[in-house]
């Protein structure tokens, strides 16, 4: 067996960071060497991440990653902290796998210049199934005349449609503009036909008990194709995080999105 | 085996009427004795309904039903003709199973007085699965805090939502008014949250290749219940028509809807 | 507003018991007055059930329920303890809502004689959606010639089919024995057609990421009806537990199953 | 607008051939120039294909295709006839789009040598949605640890699993052999866990009313991806046939399967 990849985690005291620590600890190809969280300096990170018995450096500053020889750093923090963390990685030759949201085009341009000794991937959505769903919808789009999207979330979500649904629409619309006209002449109750964007109608369902789900429906003569992603909890991001951590060394410079990492 | 029920069909030359003739011929408990269609006097009804070899009276007027001793008449015609046909059945002691749409409350009141010797059932939707779906949605409603309906049809349908969806909403809203408030604060694209009626949101999907489908989603803490009906072609009405034909003798006077016939 | 129902919880230190405490605390119609757990005498039940600030008697024995005037006791423990707890309720005029599994017919007979001053309901499955699914499948059965069940669970489940699937089959088979013969003449790979029982085929899917799901499919000419229940986590039992707690006073003696409580 | 492609149809008197003629007639980029069927020499192909008013050569032999200058021939016949028809196309520089099943590897080798002036595509499944589903399942396979297939067909199908399901399994198994072990230790009723092949379980549902449907389920931590194809009638093959007819000129020699034509 080849040597394990040495991994450091920023924001290890947060909910997502703790989940990441657990996932790294559970993966035989990875070794968790540093768990960092300045906002939880007083907290016993060992309990947060169930780290009993692991020989691990816990600390409040990024220097820990250098001292422990981390090869890859994973960042799920907030945009201000993340900017510093990612810059630190670039300066110290550490690969960065970033799930924090909020980076501007300007941020990305900056990183592009700084990541010369190591690589960086910024991922808006780490759920592999959702990333595949969007890619497949894009590939399938030119072969169908009609497409609609149904996204379903728990009843606390205040935005509609979801960001994933809007991204999907926009990629499908870029892949094909040959969508049939809406046949509706009489919308008995306003809104029935959903939100139309780029020739594709999007419907947002909010249901107690549900988590995060999306179905892309494509129809042509005599048949339909449905691509559905169901996310059941926060752990759905982990397979994507682990995969990116293992593959980041092969993707020079800055990469945005999981697609390139998956090779799809 | 008990004696077969003698059945006459009005509008036997129409698409639905011809399908009904075939279904009656294929049922061992029923005997097709008369196929009537004034608008197809010149047409060979034998070919329409694949009636070769059946000893059957074909004719253009309702008198054929009396002459052949029909016990039940099935009517899929147009409202004007249907009014006369149904009245004729009442006057001649023939049970009437009616799928024609357009009867007013006044029509029904009239029939109520006239059906003293035989019975009549007027059915807006003969698809047993759809009728069960609506009934189940109604029973389930009080146990859930959120409910939404997705109806999906082919891309030639000009109305949205469908009549079945609106009936379902109205029955669910009558069964419960304890629906959670819509959590949406930011509808990024108008219409995303569908058509809200009685506390329930309805979404209409139009997709080439599809036929007629509806899904009722109900959600409460940690779980959801979905009830879905898929109709694949016109034949989906037949099990309901045949059942009503066999059971009409047990339902005195006028009955509206398949629910009572099903005993649900 | 009417007075709140006074509720005691047995097994309050267990995972399910703690969830029940939280659910009772969150319901405006109920008041949690006693949380009992002999196996967790040393444990601070306050922390388990997030009970800070609640004026609540915590104790290791059932006497607490009498002292606090509990009207209803909820039991999610183990069969040996549950037998004693339920008997204690009968003797002290406290209604019992029981989710513990393992009661024999003999146990039930015994309870039937003892519950004279208060009532008891023993519920194998508190998930309201699953209970409705089974009931609806039973009602629908006589109207379809073909039916199959697909149950889907996480990839740690060692039994197949699930208990819920087998209960569903048995109730559907009791409701109708008019199921079509299996058309399969050539099962290319053994097992493809699933487990056949009572004329209904059952298919068990085991998939990482999933929780507990079941779909009942019914088909007749030109149409199909699907009834699906999705359970996302342990909290899916809570709406059923709360409902039984509120309605138990109206169901004299011993009741088995949630159906009677739901009135379906 | 560019000139229309001149199309001839073999087996025009058969059910599939007639549907093909209709589809070609309805496509503005194609021109139906010859409809051939030796088995229906006496039949009025015009009525079969609703060809009224079309200036079309109808005949019983393949020579008609040469006389009318057909550029592409479409063949839905039987294997013996198809061998001759395809050979005729090779010899006469006509592109062949072939949906007839039963060709051996030897047949294909022969065609490979003969198609030097024109091209040939042999397609086991023209349903674009099914072809995409299989391709997507293959792409997704390496990112999931568990996968199962549910195929659902009408209750007259005698084989289980379907050919499409077996093809899908075989492609997914070739794409990944990292499937988790079956967790089942207790198969209460034999067959519950379906047909296991290549680490993937396949379940065959047979339901009256259904047509042809398949769902591929893939699961990993906290999420699942489902890819589903619904075929509603024979016309579901047409979009694939028309696309192959338009694109065959760009695919030199012999092509097997629709994937290359779709460019996926």
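To keep things simple, chains are lettered A, B, C and D as they appear, and every chain counts its residues starting from 1.
The rule is simple: a residue touches a chain if its C-beta (ideal position, glycine included) is under 8 Å from a C-beta of that chain, and two chains touch if they have at least 3 such contacts.
Note that the coordinates shown come from a computational prediction; the quantities given were computed from them, not determined experimentally.
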Open item on the list: Applying the document's contact definition, name the chain pair with more C-beta pairs in contact, B-C or C-D.
Closed with: C-D
Open item on the list: Need the most distant chain from chain D, centre defined as the mean of C-alpha atoms.
Closed with: C
TODO: Could you give the separation in Å between the centres of chain B and chain C, each centre being the mean of its C-alpha atoms?
DONE: 37
Task: Where chain C and chain D are represented by their mean Cα positions, the distance between them in whole Å - done: 48
Open item on the list: Give me the residue numbers in chain B that touch at least two other chains, ranges are fine.
Closed with: 144, 209-210, 218, 220-224, 230, 232, 236
Task: Overall pattern in which the protein chains touch one another (line/ring/star/complete/other) - done: complete
TODO: Within their complex, state which residues of chain B touch chain A.
DONE: 144-148, 150, 152, 155-161, 166, 180, 182-197, 201-210, 217-224
- [ ] Show which residues of chain C lie in contact with chain A when the two form their complex.
- [x] 209-211, 230, 232, 236
Task: chain B to chain C touching residues, read off their complex - done: 127-130, 132-133, 136, 139-140, 143-144, 218, 220-239, 243, 262, 264
